[in-house]
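Alright, structures below, take your time with them.
What follows is chain A paired twice: with chain B in the first complex and chain C in the second.
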Partner chain A sequence: MFGYEFYLDPSRCIGCQSCLKACEECETHRGVSMINFDFIDRPDGIATAAYVCFHCEDPTCAQVCPADAIKSDEDGVVQSALKPRCIGCANCVLACPFGIPKLVPEYEQMMKCDMCYDRTSIGKRPMCATVCPSQALAYVKPEEMAAMRRDKPVNTFYFGEQKIVTKVYMMAPAERDSVSVDVVDYTWEQEDAYAV
Partner chain B sequence: MAKPPQALADLNHEFGPHPSYMPKGGWQEESRHTPDRLVKTHCCFCGQQCGIKLKVRDNAVTGFEPWEEFPFNRGMLCPKGVKRYMQSSHPDRLLDPLMRTETGFRKAHWNEALDHTVRRLREIQDKYGKDSVAVYGGASLITEKSYLLGKFARVGLGTKQIDYNGRLCMVSAGTAYKLAFDVDRSLIPWSEIPKADVLMVIGANVGDCAPITTDYIWRCRDRGGKLIVVDPRMTPISRNADLYLPVRPGTDLALLMGILHVIVRDGLEDKKFIEEHTSGWDAVVESVKAYDPQKAAEMTGVPPQSIEKAAHWFAKADKAIAMHARGLEHHSKGVENCLALINIALATGHIGREGCGATMITGQGNGQGGREHGQKCDQLPGQRSINDPAAREHVAKVWGIRPDEIPGPGVSAQEIMNLIHAGEIKALVNICFNPAVSLPNSAFTSEALSKLEFFGVIDFFMSETAQFADVVLAGSLQEEEEGVTCSAEGRVIHIQKATDPPGNAKTDTWIICELAKRLGKEKFFNYGSTREIFDELRVASQGGHADYFGITYEKIDEQLGVFWPCPTADHPGTPHLMTGGISYFPDGKCRFNSTAWRESGDPVDADFPIYLTTGRVVSQYLSGTQTRRIGSLVDIYPQPLVEIHPRLAEKYGIQTNDWVTVKSRRDEITLQANVVKTIRPDTVFIPYHWPNERSANRLTHRTLDPRSKIPEFKVSACRLFKANAAPVWAGHTEVEEAKRGTATTSRAPGMPDPLVNIETPHDGGRK
Partner chain C sequence: MQSKSTPPPLWREEFSVFKNDERYVSRRQLTKFLTLTSMAMFVGNIWILIRAKLHGKAAPLPVSPVAKLGEIPVGGVKLFQYPQAGEQCILVRTGEDAYVAYSQKCTHLSCSVFYSQESRDLVCPCHEGHFSIRDGSVLQGPPTRPLPAVTLERRGDQLIAIGMTNTGAD
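Take a look at the complex of A and B:
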């Protein structure tokens, strides 16, 4: 859908799994859900998180695919592995920094979220973001998002040395431009002190 | 005698619950077809009543599509809503009336089943009197059915004994709102929630029980609003709470009186509002005098600083809303709890202005509408008192009888069960209620049901209660009749008919009217459609507080819901009940009601030192008759677990997944432990959706609030011990049997094979 973007805000997630169940209802892969859902650490807390594919600009899954089976479309949506090419090696499953692709052994194919191509191509919002009761998954116009939320959308992530820019946005504290998962980036000394 | 005619295992084998995982014909079959039509209606599971479009093909609901234009949920749905369509063609659906035999249930013809039912009811009434027959209704019925049921009991059967399962829901709130404002409804529509500066959510597990409300709360926080959460457990919404008060079960009243104490002590009350809009303030001030933060902290386990902070945040906020649900209401002092919260909202002047108010989050599908029009033991249509001579005259005229022919008030749901147990009530007609699972002290309920001389049940599935019946009349789902419900907001909405009941099943209204006809009351029950029932209901409610006279199905469609009261055809409805702080009492003032502390009905002691509290999970609805049959929902939370804090667990040597016996003064059950830091260390939690050996209500007690008659589900005393072995049912639950395929073999004659097949992924897949 033109002018709409996908936003993830795990801090809103209530763990209801509506996204997971709704994804299962998709006409193109009915019965199989493409949502990644986690209880972060149930014994110690209530945090839960639901994820769709981040749809990277330069997808790691495609980079590591030995069969060149993973393609993005013109809108930047990364598709499931092409069935005739996929050899079921699971390289993509292991390499994705977000842990998104799933190998479905019964189909011998990697399957993943395609941001509901069947819906967005005919002017409907993706199913998970439409039903999500807490709007932890949201598919709205950027200006609406800016008006409604106090957190700031970011789509640049650093995994150590690897910089990843994604189509899907993650809501982060208002002062952030990017998200790093390296503790060094948050220390007082910064990385110089730990240079190797 | 109304004991189940077969062994439980055989009944379950024949009638379910069988968890069904796929639509009729399987995923691939379904994906090949486009629906004949999309029906704009509402989800049947819970009081949020989310708008949803049901896909319909060949007289079956085959899927759903979000309804984004409906303003309440704007397309949002919880997993129950997503999977609700799986009931329509469920293999467990009852397709024929059933009559008990020596060895089980047999199919019957409608005439036989209805004639037998009426003959037995008449025999019993002739022998023991009119009131020896009772009627149980339910708050998941559309409003037309609940109206009809009230009329059926009073006009058809001439009994005063009718009550409903809403008695287990929010009646404490209803009673309190009547005492404070003389009206029983949320004071505000949900659109006010994001406007508040402070939200106090007490005893409301919004994330699990009212999921769509979460977005309203998050929107409030995104605006900079502060969230106070009061709960013995950290529920999903507490992840973003700005202040979390871990109240000890059963002590909410002390906490709320402590908060009001601080407000008075620090002069934070809204003197102008109190002066102009209320009465009874001085007595309330007196009543909270002793509840300083220190004393309140000792009673509740909430730090005094947190009590002070909550009081200051709420009182100093320009706009503040108090939201509550069953956690506040399911107590033998549930009415006082709600009154104490209302007192805070009144004292701080947070009533009748934008972004302000008090709201009960009504839980059952038609929890609001189902209590307005006559299936409550003490009310007539329009939320009128059955003792009010003017109300009796008005309703008698609509019904075409004399006022003195309307029986007086009967007793509440639990008290009806008590009278059955005592042998005073001999027969019961039950619809939309599963007391075998949902009433406290299950053993007592089973004993009582076994004493009935006649038991007739109208249901679409064989519920655990229907297993006790003499006759089971195969009824209809919500989407099989047109009508209205009223959502938690007070918004009356239109339930569209999507399909006809399958097989030989009939609509509930047809069944009730046929029974009335056979009772010789045909002239009072001559309806061509549910629309005609609604039109009569509109007139019957006219002039009452819940005035529906100006509401029509067409107006609802046009406005996407009409908030009651709506007295005339040109009236737009009333989203805000208390504009300007004007109550429904004749003098327009709101009432403060003083509260006094008392212990819960099942206090902890040396033998039973641990608090037990019960509640819900997001994937199940009420007693589970519907949702325990939907495999995809069952998988989210397949079994009741007992939540225990690691400190308590350590004391008993319990680890996650260990089998733990929880014993109360009534009974004991053995479940697996879920050791989590998200619950108070003096409390355990068990969700109540399961029957028999897994039923939390085996442990709960029958103490009632003296005014609302709500049972005290939220606090019992118990003790724990680690079980030596797994219980006999372990490894043989519905899901496990289904996975083995053993549950799919045998069906009652004439019934289709169940579609249980949970090999995933299914045939089909990506094209």
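Take a look at the complex of A and C:
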């Protein structure tokens, strides 16, 4: 939109959580943050990662929605569930390979990052990208990104056999064209090494 | 996820996840449809009204014999077709010298009415509509219009149908 693209670089995240606070400020969902914020390996490190919705070209969350509540608009932005339609079944929460949608029990509705559609659709930057001090969440033009970073933006992901092309880019090592996630390996948990 | 070999099902096309491909009827489309349909009905009604005014009254109904006097007992009925074949009517002998005849087609949903000896009125069995035997007016039930009545005339020992009233055209 307006020549800007969203770039995620979890390696730059410093865990300040400014994005969460900025997202909460948004008047369309005040008080509820749509950022997915993770501590990567909390017992062993301080690494954090903040994610927004990747806005898939063929959104799995919308494909599995039985109420036809999730829509991808003409800009390729996958919107939050439509309030009159969402039945709060959480199919999307379970189906999204990135784990983005959140079921908000108070509203019985799925809510997710809509890339600050009220802002980006008129040429403004999303709230999170405006406040991120390390630009782990960046909303810039592709040529600016290429000038600033050595990493390569990729928007193709493999989850097992499911190929997903997204609107949001992830910064990956320069030799990579895609990001693959071995789902089985990812879901495996080792013996509880930190049991008290 | 759809595999590439099978085409997407129809419901997926109609309820696409992409806003641009949706096939919903929008509020504006529905309003437009309703407005145009109402206008068409209004114009149609005006046309019917004008045509009725221009053509004036319809041709008089035929005169046709219905029954002989004394052919049916008191309280008995005879079915006949008037003013043309297929238009079922019912003749009831309500007294020694009293005969009435009505169209048998209920004005609600066109079921055939019958004469009830017990309640002494014309009853439509479909929705419990009752019509008065005296003038065909609605006594109870869903019908709102009275039964069309056949005007009878006595000529010698013959009962003759000479016209109809309450048909909605008069």
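Basically, the second predicted complex is superposed on the first by the 181 of 196 C-alpha atoms of A that agree within 3 Å, B and C clash if a C-alpha of one lies under 4 Å from a C-alpha of the other, contacts with A are read in each partner's own complex, and residues count from 1 in each chain.
As a working rule, a contact is a pair of C-beta atoms (placed from the backbone, for glycine too) under 8 Å apart; a residue touches a chain by one contact, two chains touch by 3 or more.
Everything numeric here is computed off the predicted structure, so don't read it as measured data.
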Should the pairing of chain B and chain C on chain A count as a clash or a fit in the superposition? fit
Chain A: partner with more touched residues, chain B or chain C: B
Of the two partner chains, chain B (first) and chain C (second), which one does A:Q63 touch, if any: first, second, both, or neither? second
Under the stated touch criterion, which partner chain does A:K71 make contact with: chain B (first), chain C (second), both, or neither? second
On the A-aligned overlay, A:K112 touches which partner chain: chain B = first, chain C = second, or both, or neither? neither
If we overlay the two complexes on their shared chain A, which of chain B and chain C does A:A22 touch? Say first, second, both or neither. first
Per the contact definition in the header, classify A:H55: touching chain B only (first), chain C only (second), both, or neither. neither
Nearest CA pair across chain B and chain C in the overlay: distance in Å? 19
If I apply the document's touch criterion, which positions on chain A are contacted by chain B in one structure and by chain C in the other? none
In the complex, the residues of chain B that touch chain A are 22, 27-28, 30-31, 63-64, 66, 68, 73, 75-79, 81-83, 207-208, 211-212, 214-215, 218-219, 222-224, 234-240, 618-619, 632-633, 636, 646, 656, 674-678, 760-762, 764-767
Residues of chain C touching chain A in the complex: 1, 15, 17-20, 22
Complex contacts: residues of chain A adjacent to chain B: 11-18, 20-22, 24-25, 27-32, 42-48, 80, 83, 104, 106-107, 109, 111, 125, 127, 130-135, 148-151
If we count contacts the way the header does, which residues on chain A are in touch with chain C in the complex? 58-60, 62-63, 65, 68, 70-74, 162
